[in-house]
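There are two complexes below, and they share chain A, which is joined by chain B in the first and by chain C in the second.
Up next, the complex of A and B:
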């Protein structure tokens, strides 16, 4: 049972003392009262198909970080200040299950009934499309932390809505680049993706990227099983018969686990090079049942691929997460962390400008626009969508089981600069890919 | 029939009461009520069918048609007038009802339920594949206007609330009139003994088609209002779980009272909203316990409470 992150009454005295000490340290920002709280609604999947892979790890990571921030001084600078600019963070977790209609209702309840200062949430791209117009209508500062669809800021423009994670185009662009640079022989490639917006978009992005990066490769098999199908016997037969050099998949969660477990014994991983666009998050559950030599992305420099580039910040969070949950953090907590750190940076920037009072939604939006900050997943830049959509570096690696430590590792990791795999501002991702990535800055 | 004569008065009083309550409500509660009433309209359609002993597990079909008519008209033609959109929703769902009604009218029980369900799932599958219409992610809908009046913020919420209440009162009055009419009473007779109704010279088939089309239109109106209030439509509105929720509200309310349908819908929304907030990990469990309790304690639905009181008043 996850309870609200609130100060227990026993700890209140100590927290006041700590807050007082922290307040003394905050020279020039005096007016934010120590007992002020900054209330955020955290919306993510706590039940349903996306809970185990995305929602629950993200909330675990978020809860952990909020506790550390409320304590103050645990994270390295510039995140050593208590809470958000001295204010204690109070988080209200909300389950994202139930569809966009329900989420719009719950969003209104969070803003109008619970009077939260900001909402951080949404994994499902349907929810990410439905929430922004309402957020603008209510003038409620909102961070979309996880969802992938490029449509949010390519089709709309919102004053109070920000997405602190890169959209999904870079996942598949990076995969194609990785094939090229690692010298994977791709004569033919096939795909297995879920039959809904995420799967359809991922496959379209990958096909478009391949036609630019490896124009000789051809494809004739694109399978779209139903989401949450769980049984892939027929699809695996079709993939084996097709015998393509590369099999692309953006499957996630239980679907991906089922696919790997069912395809492994039938030898698909030996016949074809399998590339999983967002596959890192099933490694803790699968362990050594994840075959060696699978190309894996993590939708950013997240999880195992962040470890070789770890900063002090990454290490502190990684160790605390591992200690508390007995497993390493995958992509979901990384995205939650970058959202919360972005929010912290924006709140503190706004407070530095308004003389240290709790910022309004307008001040927060002004501070967040075009912001840059350091996260365990690298430097996050709000570069697209007129300063509302983040770009971030990406990494792709290959799985290798380490029998000595009994842990799955990633080898041959290649890192991609944010500007290398994300379109410039004002250019739609699909068009950018088709035009051959004009203006991409790769080092 | 004094009940029929006083119906307009009751409706007028009900409408004024709803508006007065609405003015006092905070914004979130006003929105919650608007959504509960929009969904209540769909459930009212199921109640129409339930009187004839049929349960449609596919009212999501009409809910979705209404929502997409509102969404696509607003996006393609720029029509945002809620009156016009409601009229278009009625036409679209009415025509669909007339096409499928005669086909479905020959089926009963589980076959009727499954066929209605499959029709709505066909629409779900079709919309999920239509990437031009946003696929599974759906599309956003502009805020509605009211005969040229384009409110924002609280005024928009209030206008939608007033509009929804007006529709609910009008629809409720019309359905009550229908229930008390000869035709509406035949529906109850069909539930009891279909064969006898045929022998008495009434057409069971015609009666069921009529109820089905009426249910479809109510579903369409509910969809239009909900789509405009949410500001987003997606194929989920035609998914069977959405339809199941409407059936649940209909069962929760029973077919004895029309206001009970809207009270039932409101109750479900309130319970869901608060359990979602206070038990983020177990809200489905608390919702399930609530549903189970209602079914065990009130097998004839909330309406039986009202009907029981009325009966007691008449005997004393």
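Up next, the complex of A and C:
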């Protein structure tokens, strides 16, 4: 009997010890350790027409930030912890060139073959519309970091997809507000925008904004050259002949550079006030070939307009980027940075809630929904699309060449609160503009 | 009246540029009977070579005589032709002359893809700027019309290129030899014509004209990857309108497209893209072989 009891006690002790060891083991398995990695697929244009303006600078910025985060302690709090919640970040870059069908295949490869924990990507609006249904089908946590089309969350609803940059409506609302507040006299205005969704939507948003903010202004000329046209001589003639007070354009990359190079010598910039919705990214390449007095946006408080409001975070990233690439960061790296910092915040929030283990896609999505975090481009709030679409502050300025430093600067910068130039949740941007911006919270 | 003047001048400038970028394509088709899809890449390489040549010119003290940059542009285009013309024709294309047209088109498409990557390897993806030659000649003000004088230089180069090619083909002995090869390759060979050399020279001239188009365009744009893609599409539209292989056809086709596009931009901007292909469709309805191509009996 005593033997049985002893045996029984010994058995219980053994069982308890085994259970404790197993529990410790399981705890060890479940907790994210320093040697764990968090794999992200980074999809952006590494070749093609959008590479040098958006894709490559974004990847440069992303790579730089990932290296800094993996090093740990370089960025100021709350981003000083190593990697994502202690996990080393491993990035797999993928070229976005090739169209939406190819990108869907690449996305499946990243999720199913590479087993990434998250995908951060997409500049093209076409890709941003094609990827979300697949992301939800595969239950893959995905951040759209750059594209501008409002349609993603105005026309769809996705559980695993988030966009960490504001959609494009605020660019043109801000331009119209800027011209009003700076006293630009606008009797007539004309536009030159590329003939695809981005150009057409930008022009529509600008026309709608002007009809509310400067209702007496009229427009006769709206030009839509095809993307990557390169030759704008005839369009410039049409704009000169129209002699509008303001010329609006959302051209970007090589198209914008060619337009500025061709329109400058023909005096368009002296005849009309030119307003470029997203023109900051060509400043490093054009230098003093960009005329003075051009009104410029950067799709957010990005690039040169971020510098006057710089925080310690902005300065650290700005200086490191400038040192490594011999040029200042324009809008694309800023959007990549806000995406990665948002992802870091979401991962660490999810880990705080799940006991410190690497979060699942569901846990990440729950943490990201409605999240707010600080970025070099200001406070990012996932305020639209039921917590899946970001809003952010915007800034518009005017170019001025500084002969002393040999650098282009932005002067007369005006800043717009996120809630001032973005619609409230559940309201489509175009409708909000046409209704006169109800509920806008401007300073 | 002012509007008409704008349309004509804009149409002429755009047409002149179109002619320069498409005349090499039609020459190569006329002589070698191949559709060279790599033409767009050769144009782009011409632009890159010019950017490098002009950049080097100014870096080596060209500021003292900036007009010399125009010579640097021509030298850049010549270098491209001298290096790539023989390399592509002797090294690759001659092996496919007896193959089906589709095979040759696929081969030149392959060359196009390879050259696009070669450009990235050599010049990277960062755009290059050589805008100095664009503003060197000053501006031209014709009443309400305000243009850059460089635009008229493009017209002059287009006219000179067209006349030079036409004169060579129609008024020189060597040109008549080329015409004989175009008319009947086998008969010319039996008559003692060195057809291989004719092919080599004509292809190299075609490469030079493509590169010259790129060289003239480089000061107006940011030279970056992908600039050759759109050019090949528009160049094909022009040579199809004019008739494949016809120099006069390319000139008239370029002028038609240039003026039609200018009229559209000024009067009906929404139709800017459509109008080029409308012109092509209308021409092909009435002249399926193009404006200047003669109908040929099909050899069976």
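Just so it is clear, the second predicted complex is superposed on the first by the 413 of 443 C-alpha atoms of A that agree within 3 Å, B and C clash if a C-alpha of one lies under 4 Å from a C-alpha of the other, contacts with A are read in each partner's own complex, and residues count from 1 in each chain.
We adopt the following convention: a contact is a pair of C-beta atoms (placed from the backbone, for glycine too) under 8 Å apart; a residue touches a chain by one contact, two chains touch by 3 or more.
Please read all numbers here as calculations on a predicted model, not as lab measurements.
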Give one word, clash or fit, describing how chain B and chain C relate on chain A after superposing.
fit
Which partner does A:240 contact after superposing on A: first (chain B), second (chain C), both, neither?
second
Please indicate which partner A:231 is in contact with in the superposed arrangement: first for chain B, second for chain C, both, or neither.
second
Scan A:47 for contacts with chain B and chain C and give back first, second, both or neither.
both
With the two complexes superposed on chain A, say which partner A:266 touches: chain B (first), chain C (second), both, or neither.
second
Check whether A:129 is in contact with chain B, with chain C, with both or with neither, and answer first, second, both or neither.
first
After superposition on the shared chain, which partner residues are touched by A:92: those of chain B (first), chain C (second), both, or neither?
first
First (chain B), second (chain C), both or neither touched by A:258
second
Now for A:285: first (chain B), second (chain C), both, or neither, which partner does it touch?
second
Who does A:195 touch here: chain B (first), chain C (second), both, or neither?
both
Just to confirm the geometry: in the superposition, how small does the C-alpha gap between chain B and chain C get, in angstrom?
5
Residue overlap on chain A between the chain B contact set and the chain C contact set?
46-47, 195
Contact footprint of chain B on chain A as seen in their complex:
1-2, 46-47, 92-95, 97-102, 104-106, 108-109, 111-114, 125-126, 129-130, 133-134, 137, 149, 151, 156, 195-197, 200
Parts of chain A lying in touch with chain C, wherever the complex brings them together:
46-49, 51-52, 56, 195, 221-226, 228-231, 233-235, 237-238, 240-241, 253-254, 257-258, 261-262, 265-267, 285-286, 289
Which residues of chain C touch chain A in their complex?
2-3, 6, 9-11, 13-14, 17, 120, 125-127, 129, 131, 134-135, 139, 144-148, 151, 217, 219-222, 224-227, 229-230, 261-262, 265-266, 269-270, 272-273
Contact set on chain B toward chain A in their complex
26-29, 31-32, 35, 128-129, 131, 134-140, 143, 152-153, 156, 226, 230-232, 234, 236-237, 242, 269, 272-273, 276-277, 280-284
